[in-house]
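Structures are listed in the sections that come next.
Below, chain A partners chain B and then partners chain C, in two separate complexes.
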Partner chain A sequence: MRLRLATFALTALIAAGPAMAELVFPDLSYRTGPYAAGGTPFSDGYQDYFSLVNERDGGIGGVKARVIECETGYNTEKGVECYEATKGEGALIYQPLSTGITYQLIPKVSADEIPLHTMGYGRTSAANGEVFEWVFNYPANYWDAASVAIKYLSDENGGDLSDKKITLLYHNSAYGKEPIRTLEELADKHGYELTTIAVDHPGQEQKSQWLQIRRERPDYVLMWGWGVMNQVAVQEAANIRFPMENFIGNWWAGAEHDVTPAGAAADGYKSLNMNRIGDLPVFDDIKTYVHDKGMAAGDGSNVGKVLYTRGMYAAVLAVEAAKTAQEIHGTPDITAAMMRDGMEALEMTAAKMEALGVPGIGPEFSVSCADHGGSGQGIVQQWDADAGKWVALTDYIQPDSEVIAPLVEEDSMAYASENNIDLRCQ
Partner chain B sequence: MPDQLLYGIEVMINGLMAGVLYALVALGFVLIFKASGIFNYAQGVLALFAALTLVGLQQGQVPFAHLINAIFGTEIHHFGWELPAIVAIVLTMGVMVLLAIVIEKFILKHLVNQEPIILFMATIGLAYFLEGFGDIMWGSDIKTLDVGLPQGGSIWIEEKTAALGGDGFYGFFIDRLDIVAALVAALLVISLTLFSQFSKQGRALRAVADDHQAALSVGISLRFIWVLVWSIAGFVALVAGIMWGAKSGVQFSLSLIALKALPVLMLGGFTSIPGAIVGGLIIGVGEKLFEFTIGPMVGGATENWFAYVLALVFLVFRPQGLFGEKIIERV
Partner chain C sequence: MLYREAGDFKTSYVEDGQTFPIRFDRWRYYAVLAVAFGVIPFVINDYWASAVFVPFLIYAIAAIGLNILTGYCGQVSLGTGGFMAVGAYSCYKLMTAFPEISILIHVLGAGVITAAVGVLFGLPSLRIKGFYLAVATLAAQFFLVWLFNKVPWFYNYSASGQISAPERTVLGVAVTGPNTEAWAKYMVCLVFVVALAWVARNLTRGTVGRSWMAIRDMDIAAEIIGVNPLKAKLTAFAVSSFFVGVAGALFFSVYLGAVEVGEAFGIQKSFLVLFMVIIGGLGSIFGSFAGAAFLVLLPVLLKNTLVGGFGWPTDLTAHLELIIVGALIIFFLIAEPHGLAQLWRIGKEKLRLWPFPH
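Moving on to the complex of A and B:
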């Protein structure tokens, strides 16, 4: 009896003892459904980097990172379910890779005080940290992207777009409609004629839209697409023999799988990118420490692809923010609130990126209490069908903050007013 | 002729072509509903599964490679050979027949005499199962489908028709893939009609469609007919998968093409093969012309919902659809 009691007491003691510390990073991924082709490489890159940090560096500041994957299927309701199911695990940051899910999570993360990072998507005016305490969208947002595209076209045309016709082909959703206001403002400034054409989800059939483009003969077509819409648009553009070099997708319409189904016909298609692509030194480490040990998040075939690199970049930024938070608070066991402090003090320099094995993966930028949006810079890349790879055409292009800053201010202040939010950072 | 009128004609022609593609999907629904009274929710997924299998076989992809690698730690992906398109199509057809046998043996056989809603629910389950099964079998990445189909507008037609209008008219645009799809659809309908009218199995199929009980009483095997009709629906799904997959690559949103078939079925009737074709053409032309004329005034992207509105308007006047059988139930 005494032995049994002793065993029971020992078991209870072990169970009640301090749990192994860990830093939790939920991954709201989508590896199934119509948008899986984009969600899978992003999630692979995101998870592989955390595995690398655990295996190579022993974790972040000596504390292991734990990734909890939850499948959303790019479905907003499922995304919210995933958030609710994982937030109690000690989640430090959420990256839902969906503008629809982002809009639903903004009030929730604000109430639960967990940072939300929507890198190059989501609510653009969340760049204003005075209003959106828990939401970050560095290094760039949709309005930056629209501005970068117009800046590029302006440079291509000697600074004069006044006699040009530009068409925006967009996914008929909150995501697709995001750049319209910016492009209208930029049209006023540069004098180009803007036409907008919507494509309904999923975008499998776009004959009407491309017949309209063929009739109206715009000089340039910009595309805000995602999923099958991208592949069909590239094929339809080729079908009507629209000059591919005048067709520019945003950074969610510029992955390898967006162009490969059209084969050689996609040659010359351009897109924006918020992260550079290419053979980064960190990929060797990922192979050695993660893939060779059988710990890859996927089958390993996506390493180096545009969206794998972007997912990995998202993880790099999360890890660096966590390290910054650890330094600020002097403890390796950070909370979500501390993580936010780390994100607000994040600084990405060329030297830091070089040291991390990701030289030039993104622009240099720093985050502050008021500025959650980063530098907003992006590059333009072009598809080389023969070589089967994207080629960077430009260095990082600065967005037109003269136009964008007032739009961010206006939209975020309207949100603050509607939700009775007191401004921070004053 | 005014350019705007010419462009209207161009939109109408392209609407007809798009309608043929919708009809190709709708045909599979009609075949199964006619023979077994089942509204096959899985028809779109069948098209996806067929296209995935075709590309996988053609490119020599090892089925279930991810699963095998995960379990055994291997790194196999491809056999190292590629099959000619025609061989891959024939083999895929074999897989679809096998699938029809499995569906009959494990699902339909156990649901004989059940309510239609039960059978419908079973096909919903089948759709989700096949979607996941296809994912595990062939992977979720987007695959390029190349069976030698032509792509792009016909330059010959453009040049020959450009003179019809003024400087603002660039000739009629007609996608060569759509022309091929129209020819294939016509061939398919003729073949199906000849098969059902003049072959023994076709007559048996029609007998089952007319009256299950009577067909059984004269010795027709219901199970064989179900396998036959699901095999034919699988073949139709393969054709639809090829045509749609050639446009977008083979990917999981292919299964959503079923959404385009629903208004076609509502309009054309669930039991008529000509109805599927005519319904497809009406929906195709209707939605494209609406988008061309009214779309710009209401912000565009009208096609998805307008197809259903058009079908609903028809339903008000002919609940059984244009060519569907009128069902009269006496109390």
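Moving on to the complex of A and C:
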């Protein structure tokens, strides 16, 4: 009882802070637990970009951005707590970086009318804006990723995958199960043989899975992994001498920390990426305006890494959407509903990215009322262990929308009828 | 001074056998109920409901359930997470198969199904004891989680393997789904907690409870004086699983709204509930509440103090939280191995003498 009273008093104190004009961007991050290796650089990039915008440009349209960080540990219960704790602060957009938490939040944000942006993760069928008014997953989603990977393999084999065996190694959760449906459809189309192997959370134990791979000798292994699972998988692949160039991770299984533990053995491992990597001009600004002033998020060591860049890209898209919203509504003080309008009118062009100091960081795409999914393009990159960096192998590959669009339609319509949602944008 | 038997005369057996024999205790109990039913629903907001009260109440039900099995009947179980999953998935299947029937009935139905599953996994307890039984229940934990992941029928063949609760109403008020008001969530859990705690308290005071405790204290002696171990152990498993199943159903439908079995009902959930029971006090209904409060509220309190109050980095706080909660668990168990309930009991003894201890 005493505990309860103390907590009461405390939150009352926190809630009574002064109300200033600011744009609130909650950052549901995870810097602890088995997924921290991926969560930390992403969150650093996300926060650093908002700090940069505040320091260099004096905020977004003159209004300062405020980032509230809340630790979720990739755990849905804590994610819900973080959401409830921050939504009252005037949150404009949520980016939880967790498919599990996304599934929790989709109905909640729709009821509370706050936009949710799940960039390259979350519920794929949320790309259908007719059904999911408050959820966005541009520039790409899991089904795009599956299709891009298959397309790349098909090109590698001269357009014919008919006698190939492909194995999907996936994290046994909503995240890992997402691509199965698409890969099955694509198997029908291209004629390859698909097997799926699950790895249970957190993924430190994969001996039996790789034994099965060794026995079945698939031509290619695709991986939907995250956190410690990636490092273990790369190491196990090296242990059974699986040819690394035939092992392709999705874009959450292709960061530096995933391959460095295996050392030289990881050389040649491939992964997808939805954003380009490399030395972007904006990193210099971040160093000057943020890190040199001692305002770096985290320890400041992650600048330029794959997931740092992606976190920063997420912030870039959020800031651009906020600017668009300010233009549409003619006010710098935007609300969550206005933010949603901004996201729906967002257009990323090469010129815009160039002007922001992030040339070519992502594909060109535009969002519309019906299409919340962006272009869906991705690249394939390969790890060069000697140089210690990722090398882009391809330009942006277009996914097979012929297969994906009907799947998105089917899944989102099922959601709409389950939840009695009237279609928008008619 | 206030807290004493003197002057509180009992004139019937019913009065003599009541749960709270001391007048002050009784008033305190009514006062807590009055606040819980009459005040909190009117002031509660989404944060307090989702982060504090609803998880506390649901974990309290699970802890009472495990306490019946482990604290009262002496059968160690590590399968709580698995049984909660049974509750959640049966609630989901019932909700989607019979949408026109009240959700309250589905939650109770989920409890009954879990009770049946619990009895099934309780059968080995007739032959094996102690650590060996713990391992058998551990098998239940892993088997059940695997089952709900493996068989698509349980999650209605959804692409992601997640189950999510559709909107259901009680008396026209939504209690599940995204449009649920904070007070509605809270009230539905509170009603279940109060009713189930009342049932548990009275079961453990009666014949059934006494046969459980006889088995716990010495099973051979209990058998000799005529307690049927088959009946005692299996009823303990059934009642315990019923409680845990109801907790799992509420956890899924009212609290989270969407769950993934491996993440929400993994082995760590079994340990969490077991720790609640051990810290709160084995064989005590109050202890179940105290343990649930300790492990649900303390992390939230620490997080709010350290991040919200002092502005410390979130990762540092998350690690400190583990350290502090862990240290407090050790401290409490060294200071009082019988848990918070025993501290409360000692406190009450001292209160009786206060302010004139000699």
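Before moving on, here are some points about what is shown:
Please note the rule applied: the second predicted complex is superposed on the first by the 407 of 426 C-alpha atoms of A that agree within 3 Å, B and C clash if a C-alpha of one lies under 4 Å from a C-alpha of the other, contacts with A are read in each partner's own complex, and residues count from 1 in each chain.
Basically, a residue touches a chain if its C-beta (ideal position, glycine included) is under 8 Å from a C-beta of that chain, and two chains touch if they have at least 3 such contacts.
Just so you know, these numbers come straight off a predicted model, no measurement behind them.
Aligning the two structures on chain A places chain B and chain C in a clash.
When both complexes are overlaid on chain A, the residue A:E133 reaches neither chain B nor chain C.
In the superposed model, A:C70 lies in contact with chain C only, and not with chain B.
In the overlay built on the shared chain, the residue A:E84 is in contact with chain C alone; chain B does not reach it. Legend: residue contacts after superposition of the two complexes on their common chain; A:D285 is shown touching neither chain B nor chain C.
Of the two partner chains placed by superposition, only chain C is touched by A:A174; chain B is not.
Using the contact criterion defined above for the overlaid structures, shared-chain residue A:T32 touches chain B and also reaches chain C. Shared-chain residue A:E205: touches chain B; no touch with chain C. When the two complexes are overlaid on their common chain A, residue A:E418 makes contact with chain C while staying clear of chain B.
Note: residues 31-32, 36, 40, 172, 198, 200-201 of chain A belong to the chain B contact set and to the chain C contact set alike, using the contact criterion stated above.
Residues 3-4, 6-7, 10-11, 13-14, 29, 31-32, 36, 40, 69-71, 73, 75-77, 80-81, 84-85, 87-88, 99-100, 103-104, 107-108, 110-111, 123, 172-174, 177-178, 180-181, 198, 200-201, 411, 418-419 of chain A are the ones touching chain C in the complex. By the touch criterion stated above, chain C contacts chain A in their complex at residues 45-52, 55, 149, 159-162, 164, 166-167, 177-179, 256-260, 262-264, 266, 293-294, 297-298, 300-301, 303-305, 307-309, 313-315, 317-319. Of all residues in chain B, only 7, 10-11, 14, 17-18, 66, 69, 73, 77, 131-132, 135, 139-146, 151-153, 170, 173, 175, 244, 247-249, 251-257, 260, 287-288, 291-292, 295, 299-301, 303-304 touch chain A in the complex they form. Per the touch definition, chain A reaches chain B in the complex via residues 31-34, 36-37, 40, 172, 196-202, 204-205, 207-209, 211-212, 214-215, 227-228, 231-232, 235-236, 238-241, 257, 260-261, 263, 265, 294, 299, 301.
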